[in-house]
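One chain, subunit A, links the two complexes that follow: it is found with subunit B in the first and with subunit C in the second.
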Partner chain A sequence: MTPTSPRSAYSKVQRAARLALDRPGRRTASPLFAGPAVLYLLVFAVYPLVELVRMSLSAVGIANLLRDWPLTGLDNFTAAIADDDVRAAFLTTLAFVGTVLMLSVGIGLVAAFLIRSNSFWARLLTALMVFVWCLPPVVNGTLWKFLFSDGGAIGSILQAVGVKHPPFWLADPTLALWSVAFVTSWVTIPFVAIALKAGLLDIPREVIEAAQMDGASHLQVARHVSLPILRPVLLVTAVLVVIYAFRSFDFVYVMTLGGPGTATTTIPFLGYKLSLRLFQFGEGAALGVTSIVLIGFLAALYVRAARADVAAK
Partner chain B sequence: MRTVAAAALGVALIVGACSSPAGSSSGGSTPAPAPTTAATTAPTAEPTQTGLDPNIKADLTVWHYLTTDAHNTLIADETALFNQSFPNVTVKNEFVPFDQLTPKLLASAASKQGPDVAVFQWGDVQSLAAAGVLQDMNSYWGSFADASTFAPSVVHSVNGKVYTAQAYANLIGLWYNSDILAKDGITPPTTTAEFEAALAKVTAAGDGGLAIDGKPGVDGWWTGMPFFFGEGLDVHMADQAKVTSVYAQVKSWVDKGYIPKEAVTWDQDTVFNKFLTGKFAFAVGGNWYAQTATKATFKYGVVPLPAGSAGSKVYLGGEGEAIGAYTANPDLAWAYLQATWFSKAGQLLALKDVGNLPTRSDAASDPAISSSPVLSGFATAVQTGVALPITPAENQAQTLMGDLWSAVLSGQKTPEQAAAELAQKLPTILK
Partner chain C sequence: MTTTAERLALGAGRAILMAVYGIPLVYLFASSLKSDEAMVANPGSLIFAPDLSAYGHVWNGDLLAAGMSSFQIALGTVLLVLVLAAPAAYALAHHRHLVAGVFVGLMILLQMVPQATTIIPLFKVIGAWGLLGTRLSVVLADATLLLPFAIVLLRPFFLAVPAEVEEAARVDGATGIRAFLSISLPLARNGIITVGAFVFIIAWGEFIYAITLLTDPGTYPLPALISLQVTQYGIVWDRLFALAVLSSLPLIVLFLAMHRRLTEGLSLGVGK
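== the complex of A and B ==
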């Protein structure tokens, strides 16, 4: 008898589930169950989103925030495009997202291989990573701010090993962005590692063993067997990391407040600054809407990648 | 639309509920006073002029962003002072982080709610009044018997109506470590040239130079602007060559090691904590550190910030107190203000508990100020103080100036680039 592969068994389960859902009388129940969630989304997501778009198309400042909003069309968007600060923030955000993506997925992949087994050290490492992941961003950001500070632990260790003048991790405008990106990655790595671990565990054992019997080393198995099978999961995880990094605000706020100067001012932080510090609500909303469109595009990529992953199974 | 605006601001507040920037631009969240001759008897409430029944039973909500132990003591003392006149009024003092207070006031006003009294950065008065968040207290101030004890510069009007007054003035000066200066043979500087020479001497001797706030935004603006005022510039910064020169001088201090490079990550509280380590000869800090300074293990003093040809000028900060637009009992809110922050007894409490400089002339002449070398130094600087900018455009200019101050100190931008950017953007912002 031909052994059933995990993927074909999974497809059978899916077909069975679909048949169960198609039973007469089954479909009429589902809209009622979705009702509260839909209502919640309409009130707390859709309606504010509609008003955000309206704000982005209007002249809204502190004087008329609680009064009428005169429509100005795309003025806020054209002003944003022409604004050097917005362009600079966009480039900063791209660099930030790229760094977080590379570090998170790269180190997360290595970590996934390390925690794949059920050994004590693998479980300990997993527990530590989950702990880091669960810490509030304010705690993480403040902790690393102290570590990076002059006289902090990192500088002290570097001096102890002979580095006379440790870098100014958060005060140097060329280093500050990478430092904040590193901390953001540090928090994202556990998520990537756990997601990829699940993908690795889903790889049929027989495929790995077959490659090993053919003389492949661990590295060759990882590169030529595991990674290609893992590609759909990697893509889904990467898209989620990009979305997270793109909208990341808390670490910038806690660690650098967008500085030194404007060196770490990303799009989300600039949106916060425009709206809640300068009370230029229209311009801030325009930035917010632009970010939503970009994240929506990335979310569409995620959905597409997720569907491709399921189809591959 | 208003409800959604409130919801949007509410969500933004939740998102932004991270650690707030330490201190405030108008100087306020560090430990307290203790001038040398503090009053030994409890303050007595002065009779209010509202005609309210003193036995009225009500709740009174006060929003503020003051968070240190000293400020908590002050708020408790002010509450106790008020309860001497109105024993059955429950005063609920609610802390709101500094950068969230204005958005929260706006969000609550959207649903026609808000505090009875707001203790806020008075520079926002025009914005908040325009947004309908504050109630004008023109009629109250007009019949206030003690109004003449307040200098006009601390009573703030919008469209001819009084919306807030400052109960105290806060400002920055140059704190110095007397022990280091004595060791290095330096007297406290009064001019920029003397200051630079002093910095060169102390750093050559292996001591720390100047601890200063170099963070972007309002922090950098509050600390950096006096350097420009001292050269005769004003908020318009019209003389680009002079602006470049000031930036270049301060940047050179970083390059020479007079100012630590890491100062661009320091807020006001961090600066003063660095000063208290005893390693720095100088620090730019406010009068509200008068109590904190008593923890120093070295001798210290304060002089006005050294300046160039135009003389030392600093912003006069300090919180303003106002009545909320949607208070259920404006008379009671006014009675509270009159009995506490705007009274002589209340202002002396602020002096005693925090080191805030009273704005009433009868309180400002208290011997606790003249007998304190620290507070008398600041009181001198009040005479040449500069009023805070209050229009939304000026608020935008503040942020630009603060960002550029931080950018120059860190090296992100050259002095020439920063001056050119100011020259390009400021006229449009302030037109």
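== the complex of A and C ==
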């Protein structure tokens, strides 16, 4: 392995870590070192979660938020299930997550092959994508809100090439969700591409050379050699994208505020709206608890996928 | 072997992605150099006489206050997260039994809790401590969001410290906190720097906790200020872009200084 090898530094750290795990344990740090972090998370993460569950089972409004919460059992959940907005938000979220998943993993996979080499253009493209990932979400959201606006850049370009009436990307109820999903993917693709590129670089060179020796073209190698080896990494990344898209809130907030109408009101945004705009804390909490259960299910999938990834190495 | 067709496809693919990522960025910077008039006349055009009037309009006391707020919140979060995460990751690297595995699993789960769902209970906890409206409350909330992520990411860096080195230190009489501070922590500094950079980037860009926990817009950090303006009617785009570019400056500097490290970090599975 030469020093200029593009193999990711992190895979080196991971390998060293794995080697360390294989050696008999002579590490004796006290578990007390984790004490402050555990204490902190108990106060600021676990206790609020317990409160969230309690809130979801109680009648909580603006009047009694800081006082007693009368228990009402599953009323908030039944109210949420009967709420058309909630049902619509679930479908919207499903469409949103599905679109982001397909765009991010599809384009991200192609991008991983495009940035794999160490050439100038591959490195420039990588840098450009990482730069976009680093920018604050509000800045990216603002940028695309402008590009999508009436008379904005995309409309102007379309008009210049002869489209008389460019679509209203964010004001059209059917287009708005796809537009926000596109922008979300725009920010997720760099992460997917780089994670998959690291996976591609971990494929032993000999395997690829052997296939090439047998006369396989680059496309054939990519399809029949790289892709199958990449599958576990692909799965882990896909689950992370789903979780990210499911939680995603920033772009909806900045670009559409859930509109037009409720066209882009996803579950996280509806939860926010119920709690912080309509002060229906109980129902908002019920929605929150439901999302966390769903996320927990996704997390279990993630752990399984990650295990398979480690086992494959 | 690479055929001409494959080389063409590779080139075309890169050119398309370059355009999809490059052109919006050109608009981000170019639009901030437009005057109000030029922006209204033709918002989509890139041919105009650049001037700094938009920057002149947004450069005032409010902006500097928001910038200060952003730095206090982001640096405070980095400090708090690293102080708590480094020893925790160190302890986790030293324990392999079930408890450690369950702990890592819990950290991953906590990291996945949707941010918007826990705002109200967090609001209540922070309110009970009398901290509502202070920047410290945003630091505490951001740290809650980022601590699990930092612990999971730092653990392999502590695992990579050779056990022999730690054992040698122990033979020499370094125990407990001294062994951690003088041996393991310096050897894991690559991880500390990378994780610190990611915590800074995410804390710098965070605005949902800021707009919820801060009661006075005068104490808002930069992204919260942008979120306030971008959701109103009658946006003056060139000024908003000037604000957006200024808000991104520290991240641009960070990117230029350590983009290789950030690229490597992204392959660790960092989700925003």
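One rule holds in what follows: the second predicted complex is superposed on the first by the 284 of 313 C-alpha atoms of A that agree within 3 Å, B and C clash if a C-alpha of one lies under 4 Å from a C-alpha of the other, contacts with A are read in each partner's own complex, and residues count from 1 in each chain.
As a convention for this text, a contact is a pair of C-beta atoms (placed from the backbone, for glycine too) under 8 Å apart; a residue touches a chain by one contact, two chains touch by 3 or more.
Note that the structure is a prediction, hence the values are computed from the model and not measured.
*Asks:* With both complexes overlaid on chain A, does A:62 touch subunit B (first), subunit C (second), both or neither?
*Replies:* Once the two structures are laid over each other on A, A:62 reaches subunit B alone.
*Asks:* Once the structures are superposed on A, label A:173 by its partner contacts, choosing first (subunit B), second (subunit C), both or neither.
*Replies:* A:173: touches subunit B, not subunit C.
*Asks:* Given the touch rule stated above, what does A:75 touch, subunit B (first), subunit C (second), both, or neither?
*Replies:* Neither subunit B nor subunit C is touched by A:75.
*Asks:* Give one of first, second, both or neither to describe whether A:135 is in contact with subunit B, with subunit C, with both, or with none.
*Replies:* Second partner only.
*Asks:* So which one touches more of the residues on subunit A, subunit B or subunit C?
*Replies:* C
*Asks:* Looking at the overlay, does A:83 come into contact with subunit B only (first), subunit C only (second), both, or neither?
*Replies:* neither
*Asks:* State whether A:217 touches subunit B only (first), subunit C only (second), both chains, or neither.
*Replies:* Once the two structures are laid over each other on A, A:217 reaches subunit C alone.
*Asks:* Looking at the overlay, what does A:253 touch: subunit B (first), subunit C (second), both, or neither?
*Replies:* both
*Asks:* A:277 in the overlay: touching subunit B, subunit C, both, or neither? Say first, second, both or neither.
*Replies:* Once the two structures are laid over each other on A, A:277 reaches subunit B alone.
*Asks:* Take the contacts of subunit A with subunit B and those with subunit C, and give the residues found in both.
*Replies:* 44, 47-48, 51-52, 55, 65-66, 137-138, 141-142, 145, 149, 249-250, 253-254, 257, 272, 275-276.
*Asks:* Taking the touch rule as given, give the residues of subunit C at its contact with subunit A in the complex, in rising order.
*Replies:* It comes out as residues 1-3, 6, 10-11, 13-14, 17-18, 20-25, 27-28, 31, 42-45, 83-85, 87-88, 90-96, 99, 103, 105, 108-110, 112-122, 124-125, 127, 140-141, 143-144, 147-148, 151, 155-157, 159-163, 166-167, 170, 176, 179-180, 184, 190-191, 201, 204-205, 207-208, 212, 222-223, 226-227, 230-231, 237, 240-241, 244, 247-248, 251-252, 254-255, 259, 262-272.
*Asks:* Using the touch rule from the top, collect the residues of subunit B that touch subunit A in their complex.
*Replies:* 1-2, 4-5, 7-8, 11-12, 15-16, 18-19, 21, 99, 102-103, 106, 109-110, 127-128, 130-132, 214-218, 260-265, 392, 395-396, 399, 403-404, 406-413
*Asks:* Within their complex, state which residues of subunit A touch subunit C.
*Replies:* Within the complex, subunit A touches subunit C at residues 8-11, 13-14, 16-17, 20-21, 23, 25-34, 36-38, 40-41, 43-45, 47-49, 51-52, 55, 65-66, 110-111, 113-114, 121-122, 124-139, 141-147, 149, 151-157, 186-187, 190-191, 194-195, 197-198, 212, 217-219, 236-237, 240, 243-244, 246-247, 249-250, 253-254, 257, 267-269, 271-272, 275-276, 281, 284-285, 287-289, 291-292, 295-296, 298-299, 302-303.
*Asks:* Touching subunit B in the complex: which residues of subunit A?
*Replies:* Within the complex, subunit A touches subunit B at residues 44, 47-48, 51-52, 55, 61-63, 65-67, 69, 137-138, 141-142, 145, 149-150, 168, 170-173, 249-250, 253-254, 256-263, 272-273, 275-280.
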